[in-house]
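Across the two complexes that follow, chain A remains constant while its partner is chain B and subsequently chain C.
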Partner chain A sequence: MRIRTRFQEGVAVVSIEGDVDMYTSPELRSALSELTGERVPRIVLDLGAVPFMDSSGIATLVQTLKEARPYGGEVRLAAPGKNVLRILELSNLMALFPIHGSVEEALRGEA
Partner chain B sequence: MTVKVPSPAEQEKLPAGAEILRAEGIRKSYDGHRVLSGIDLSLRKGETLVIMGRSGSGKTTCLRILMGQERPDEGSVHLFGRPVGRIPAKEMNALRRRFGVVFQSGALLNSLTVADNVALPLRELTKLDEKVIRIIVKMKLDQVGLLGFEHLMPAQLSGGMKQRVGIARALALDPELLFYDEPTSGLDPVMTAVITKLIRDISRLGVGSVVVTHDMKSALAVADRLVMLYMGEIVAEGTPDEIRATQDPLVRQFVDGRAEGPIPLQTARVDLLEDLLGGG
Partner chain C sequence: MRPPDEYITLSLPSNPKYLGLLREVVGRSAEIFGFSEEEKLSLMLAVNEGCANIIEHCYGRDPSQKIDVTLHLLPDRMEVELRDYGEYFEEGGRSICDEELREGGLGLRLMKSVMDEVVFRPAEREGTLLTMVKYRAARRS
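The block that comes next holds the complex of A and B.
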């Protein structure tokens, strides 16, 4: 898994490439907690290149949201594939995250 | 040195129906007493195999061999395509993360809360941080209908609840395969139905399951395929419909739960007279 973070008009766009699983989640977790630690107001996770995510990946996203909410921060998901959508749905956590078709949409769109 | 083991993610890319478990020619004896004499089994991704058989017929022994907890005297087991018992311990440990085990009555640690029991494999086998682990624990307890019971101790739970916590713990690492050893024994019919439904729901997520059970109703409800162990051999194999329809007297006796039939009640290894007079 590879993680790249860039800032665009104050929004952190985190592009993830590869599987997010029990082995790789800790790395994603530290990247994201750094952002919430800085109180970044909006985090867009580009999931377009994530073929697979397990419970630890979902839990990492949920924890990021839990850290962002108290300061009014937002976490948006962009371009999740069908595997990622499926596990979100199976965990009954679909409603937690605004989901956008692309990073551009996530940057533009209202929550 | 890193050992190349396909990650759960790579496994996910296996086509549905890929073989995840294969046992060939398994033989096992204890003290010269033959328990398994040539067992062949296989399981595909997402499939549920039920192993039935009388008490003492070798079901648990068979499960332990499939999981690599016990060595067969002869024969081979492949888990996710890897030969169990012939791979380095480190690779076996990696393999172990890919399957979960549900024991009779949950086998929880009594000194730990429900949440800590479920968290156990996550704390032992991953580098996830505590906050993330706590969320996974909630997700898994939700999956078995026990969200909100995190802080209870096992002694405060009913048998059915313990069993569900055991299932949540077995699910903690998102296994691709689950082994259940008599998951409904000791439960009332309602709780048995709840656990049966849970096993089916989990299997629908694509998790392969090997279920040892005495409960015929539950067996027929969860199985894609059933095998019956008798005298160390698989004496019958079929889909639930085939098993229901069979005229094989051994299977009929089991399915109908009758005392009379070809299965003798006597299971002693030695004759009483011989034992008493043998001067042992």
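The block that comes next holds the complex of A and C.
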């Protein structure tokens, strides 16, 4: 898995490439905790290159949201493929995260 | 004449770095067995979560232990067996602390939501045998 973080207009765009599972999720959790630790107001997770995510990946997303909410931070998901979408659905997380078709839409706040 | 049952067996270390390899084997097997893309993801997710539970709860993340995986192809379904050699894992058992239960609980819920049957039972001598069954939609009556 590869993680790249860039900042655009104060928004942290985190691009993830590869499977997010029990092996790789600690690295993602650490990268995202760094952002919430700095109280970054909006984090966009680009999931376009994530073919698979398991429950540890889901737990990482929820943890990030839990860390961001107390300071008014926001976590948006962008471009999830059908596998990741299905796992989000199965985990009942669709209502918890704003989900956008692309990073650009997430940056603009469009559904 | 009914074709003979086919088995694919795999024994892997209890190290999370092998979960990707296991998913590939399960995914390719599902394709060969004629499962749909959705059923393939279900099988990959369930086997992944089952093994992750074993690594977390039965072996306490000790990567030097062993997990035996058997994929059993039957005419209408795939039966997956995951066998560990740790302590018997009982769903909701007292040996699981709350924090583990929260994350493990999601894994179990995912397994149960994508598979047709999920059964835990003590294995012979030691450990747990987890059996999960997925029926092929085209043949499901």
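Here is the rule we go by: the second predicted complex is superposed on the first by the 109 of 111 C-alpha atoms of A that agree within 3 Å, B and C clash if a C-alpha of one lies under 4 Å from a C-alpha of the other, contacts with A are read in each partner's own complex, and residues count from 1 in each chain.
In this section, a contact is a pair of C-beta atoms (placed from the backbone, for glycine too) under 8 Å apart; a residue touches a chain by one contact, two chains touch by 3 or more.
Predicted model only: the values in this text are computed from it and were never measured.
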Joint occupancy of chain A by chain B and chain C, clash or fit: clash
Which superposed partner A:T60 touches (first chain B, second chain C, both, neither): first
Superposed model, chain A: greater residue contact from chain B or chain C: B
Which superposed partner A:T36 touches (first chain B, second chain C, both, neither): neither
Which of chain B and chain C A:S91 touches, first, second, both or neither: both
First (chain B), second (chain C), both or neither touched by A:D21: both
Clash-bearing segment of chain B relative to chain C, given 76-84, 184-192, 238-246 or 256-264: 76-84
Common interface residues of chain A - those touching chain B in one complex and chain C in the other: 19, 21-23, 52, 54-56, 58-59, 83, 90-91
Chain C contact footprint on chain A (complex, rising order): 19, 21-23, 52, 54-56, 58-59, 83, 86-87, 90-91
Complex interface listing, chain C residues touching chain A: 16-17, 19-20, 23, 38, 41, 44-45, 48-49, 52, 55-56, 103, 106-107, 109-110, 113-114
Parts of chain A lying in touch with chain B, wherever the complex brings them together: 19, 21-23, 25-26, 29, 51-52, 54-56, 58-60, 62-63, 66, 83, 90-93
For the chain B and chain A complex, residues of the former touching the latter: 7-9, 12-13, 97, 125-129, 131-133, 135-136, 139-140, 142, 173-174, 205
